[in-house]
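Take a look at the structures listed below.
Presented sequentially are two complexes of chain A, the first with chain B as partner and the second with chain C.
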Partner chain A sequence: MAGSARRKLLLMGRSGSGKSSMRSIIFSNYSAFDTRRLGATIDVEHSHLRFLGNMTLNLWDCGGQDAYMDNYFSTQRDNIFRMVEALIFVFDVESKELRKDIETFVLCLRNLYEFSPAAKIFALVHKMDLVVVEKRQDVYRALMKSLEDTSAMFSFKVQGFATTIWDESLYKAWSSIVCTLIPNVTVFQRHLQTFADISEADEVILFEKTTFLVISHVTNVSSPGFRSDSTRFEKISNIIKQYKQSCSKLRAQFQSLSLRGSDCTAYLDTMTANTMIMVIMSNKTDSRGSTDLLGNSDTNADGDDSFAGEAENNIILANIKIARKMFEKIEMMNPDER
Partner chain B sequence: MTMSADEMHDGHTVGPNPSPRIVMMGLRRGGKSSICQVMFHNMQPLDTLYIESTTAPTTSVFSSFIDFAVMELPGQINFTEAMIDAERIFSTCGALIYVIDSQDEYINSLANLHSIILHAVNANPNINIEVFIHKVDGLSEDFRLDAQRDITQRVTDELLDDGLVNVSISFHLTSIFDHSIYEAFSRVVQKLIPQLATLENLLNVLCQHSGIDKAFLFDIGSKIFVATDSSPMDIPTYEICTDFIDITVDMNNLYAVDRRPKTATRTDANTNAGRTDSSNGVKSIPQGRPIGSTSRLSNGVILYLQQMVKGLALVCLMRKESMPKIALVEYNIEFFRDALEQLWLIG
Partner chain C sequence: MTDFGGFPQILSLFYATFHPTEGTKVLYQVPPGSVVKSTDSSAFNVPLFDFESINSYIIPKPQLCNKLLTLRVNNYRIVSHPVHIWSSIYARNSFLFNFCFVFHKNADVSAYNPVVRKLSKMFQALEEQNKFLSSSLVNEGLKSIVDQIFEDLNNYCECYIPIDEANRINIKLFPLHRPPPHIKAFHVPISTVQLKAVMDVNWDPTMEKIVEFIDGINSVRKIAELADTDYGLTRKCIQHLMYYGCVIVVDIFQFSNSYACTPDISALAEDEHIDEECQAYVASPGAKKRNGCDLLELYCSLHSGQTVRDWYLANREQLRGIDIRRFISFGIIKGIIYRVNVFPVLEDINASAVDPTDKRLVRLTNKTKHFDDICTDLQISREQALRSLEKYGDVVLVLA
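Coming up: the complex of A and B.
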């Protein structure tokens, strides 16, 4: 039986910076609006989350009030900072005491250097919705510069994200963070690429079922007419998460979604018990198809031969069924295998 | 995040067939502009806090299956002088929506309403008076029913005193923070569509012959439902249909080919994090083949959406047992679509 990887994540930051809100949105299906009812976190809140078949995330949401923070760096030092896989430090962009926040960050780094020198460091510049759009890049870069300098002192490399709970940037940050922790993410990537090639799909995305974080994605770059919105993955996470919440009002969950779009056909279906797969096939604008230069197709009664028809529909679903076994095996793989 | 004056366009209904017009009136700070912004300009409800006071009559034209102009008259205007003008407006009007702030003292509002009704019925005896008892999100369930009962009582009593018996008047409890405003507006609009009975009939026939439990004909842009079949309707079903439209259009727009200036997508139910990049935030669908989507839920329900003519969409709820016969269902829906096309060629 494959051993399961336990990943300890430290979520730290000043009181009120948004740590618990983020955690509840991503892992507990809160909507951004619901997070206003969250109170201050008392000391450390532990969550154990099964993520895929062979990984458990042990999330330590450390309350940011001064009294607790003092504790973390004194009496609880080795309890907190030992065996940490990743530190996620949240900076409130509106903080009036940025200097103090950075000092706290440095203290964390110092302790990690001592107890968990292999830890990965992430910085989230949060509540970006409160900054004017034009200033956002500058604010982010300015803060990241100081963080990069301080991390370098301890030979850590910090990865930063600008986030807000009010749009999809939160999903991008957390997807990236969690992906670095999945033990065999390259295996997923490889097999997903194979799946995409065989299905002749333009894009294939693998999501974790509960959180809808992106585990892996493959894009076939040679498809013409593909709008390359680089934030589309996290937007999909956001959209589907909201759909999940709507369905829960009817006390049901959604199992699959099939979209016959204006320029594409997409299928979102269960892959394994922990993952869902989305397969996107865009309109093939080749000379055979009845598409003009604008991509308008004539919608006559016998349907459009340049869109994925019923036959392709069934092939995709059959492929997913067959691939299921393979992906289940990957999930249960021993974390040390590659 | 404030809406500038030029984002509210002041259009008129031109042409030989002036489109049905809805007039929205009510005392100041009642919520009229918020309603228009949320319904027709895709503004998020929380952002309506920043809307400035309306100073001039503003018309929002929304043209989809049928052209509508919603004219909002500011609450501050002095009524006695404005009334002569108003009578001209009432005569071409199909419905008058009066917005009452239920969280405030509404006695003055009712007096105002009474005088407006007198003028409106004078100018146009066929006008539908729709009273929106608004901002009910802040009231408890009992309080809402009390308010509705009280207001209904007072208004009808006063009308009886004046001898007006044939006034078509309805009362709705509304709030922009949930789906009640959409439902109320749907009812208002339905009364103004001459084709309503035919549409309901068509939907009934479709449902009977295709194993569909519930079908709605929605306007995609504003999420007002134009017609539904005769089976009983409950609010959660309506809500999930509107959410389903949203996610279908949002997902489609992510992969749509850029044929027109970028349109805004709604990213979260309560946000506008500066990502809208066009001044008219109405959700629109790119040209291309008609959009459709199907979703399977764990309780055996299938949600099915198919874009129809003129910015309308058919949203159905079926049981999963219908899925093997989906080709037949789609065949029937094609007939339904043809019927809709014929309806609007005539109407």
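Coming up: the complex of A and C.
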């Protein structure tokens, strides 16, 4: 296989800030509730995760206790901070020692500046569910201001996210982070656009199969009055992932999904071995009667509606099948190819 | 008693735990300052080793917990048994702790392994029952326990500390010996300690019966016969005595045996203690002690082609005042001479032509057993055995 890209990610933050919980939800299929039974991370937990065909994520979940932090910045400095692709620093929004947390962040930046100056910096302002809704924006912006200032001192640009394990914001953050690391993400984007155009789809989303992080999405909105929820992608990630987990509890393997609404239809199916694709089409046929989720028209409507829906279903699936080969090739591409 | 140099000293004993925000920390250490800096006036100026460099092994990942863990750091060896208790009553769902014993890197710590294990398991039980360790961060009781274990084990090799009405620490160090070798029926045990003197009413009944027959002359089989005990049990008892170094085992002494020198014969010439011991041991009751040179010459004159009888006849003059059996026993025990065994090997024999009474005998020769073994097994004399075998063809005698 052409050289697989290895991406080392440092996950750091104060003890108990939520690093291991995040990791287990995104990468190990834990539900938010399950994370209650996790123990403290002893020293550094290494996870190797295959992501797509040509990338391996090497996640370093670093225990945040004082004794370990002291080690990371002294004897373990070059082991920890060398060859880092991205730093993900988690801030517990309830932390009583925010100043100290920021100091630790600065120490990380200083070491990265020395050992991995090209590293990308991400800050997660976590446990936002514990802040009253009205205050959330302010809390986030206040912290990010300090972080942006300190990062600028080392010529780093920090990208921030407000997160909590209790909603889809976690998926938004991690999708964004991982996307910046995919070597040929623009190629995915390009081909997904082509697919969307040919299929005449309103929206097409490409997900990684195990984590359900969004790799790429294309929106071809033409219909008037189209109001979209800007957080819909991560919501889909969250919902489908939980649905998958429920299926597996019943010993059933989730394979595909097809949803019919009053004005659009969504198809979710396997694209390649590592990806799933969701295609959203607005309903072309003008159904007189109402249609329920399964595409069954009520008795008043034309029998043709369900037939048309069936045909459309088949076309989409056929399109996906044809596109599959192309996408498999993209996945296996040499990380240096563009 | 086997050569036992004493138990190694514990150089430091410390108790470490995992704090939810601070991580691994040493709560109690004795002597003060031996592991981490201490403000105590009597503390060490500099700790024995750098604790920070090994703290991931003192409170290790869960996969290494609940097992005996030994590590080397610089000139020290640390024996520990980290414990990981999973329970939702603790912050972060777990409680981790470790009692660590520090020794010099070359120390033989085998006697401490069961002690460390036992101590950890006991504290784990105490913690699970009434949160003895985690209930308060400053535990004076635990501090004094750590101090006392350190003092008592180093000074007395045993330790008894009552903790509360139900629990106590009861530790004694025992040397760990190698497992005893297999003993054959034809082996002769010689006691190296006054067995009757160390025996008490709590000893095994078989042991009590056989002790008086352990005289350096009776084979294991004979002892079982004379004491009217089961052979298997007798053998086990002798093995136990061997394990604790109370008896050693030699061959049956017969004048038809042959002996020869081993390379260690030089020990008799070089080591004064062995020389003196020999002189005292081999002298016949009432006779004068012989000169060390004479004894050395006599030992050297033993060779494999000659039976003890022939050797005695050849050296009768020089052997005056020497107890032959003791002379040979001493040589065997000290490893300066060895017994030359005779293995009868029957060249091609016709299996069907063998007399039923001799069948067993013939089968034994095929298994390369020596005469002592065969004769003890069948309870016949060597001449008898040889005569029976010669009926079936040429017998080759291999000396080794």
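We take it that the second predicted complex is superposed on the first by the 311 of 338 C-alpha atoms of A that agree within 3 Å, B and C clash if a C-alpha of one lies under 4 Å from a C-alpha of the other, contacts with A are read in each partner's own complex, and residues count from 1 in each chain.
The criterion applied here is as follows: contacts are C-beta pairs under 8 Å (C-beta built on N, C-alpha and C of every residue); 3 or more make two chains touch, one makes a residue touch a chain.
Just so you know, these numbers come straight off a predicted model, no measurement behind them.
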>> With the two structures overlaid on chain A, would chain B and chain C clash, or do they fit side by side?
In response: fit
> Which angle, in steps of 10°, is spanned at chain A by chain B and chain C when each chain is reduced to its C-alpha centre?
Replying inline: 90
> Looking at the overlay, what does A:Ile236 touch: chain B (first), chain C (second), both, or neither?
Replying inline: first
> Thinking of the overlay built on chain A, is A:Gly16 touched by chain B (first), by chain C (second), by both, or by neither?
Replying inline: second
>> Tell me the contact category for A:Arg260 with respect to chain B and chain C: first, second, both or neither.
In response: first
> With both structures placed on chain A, which of the two partners, chain B or chain C, ends up touching more residues of chain A?
Replying inline: B
>> On the A-aligned overlay, A:Ser248 touches which partner chain: chain B = first, chain C = second, or both, or neither?
In response: neither
> Looking at the overlay, what does A:Asp43 touch: chain B (first), chain C (second), both, or neither?
Replying inline: second
> After the two structures are laid over each other on chain A, how near do the C-alpha atoms of chain B and chain C get, in Å?
Replying inline: 15
> Which bits of chain A are touching chain C when the two form their complex?
Replying inline: 15-16, 36-40, 42-43, 63, 65-68, 70-71, 74-75
>> Which stretch or stretches of chain A touch chain B in the complex?
In response: 31-33, 128-129, 133, 164, 166-168, 225-227, 229, 232, 235-236, 238-240, 242-243, 246-247, 249-264, 266, 280, 282-283, 294-297, 299, 301, 304, 307
>> Considering only the defined contacts, which chain C positions touch chain A in the complex?
In response: 18-25, 52-53, 55-56, 59-62, 86, 88, 92-94
> Mind pulling up the chain B residues that touch chain A in the complex?
Replying inline: 236-237, 239-240, 243-244, 246-248, 250-252, 254-259, 265, 267-271, 273-275, 285-299, 301, 334
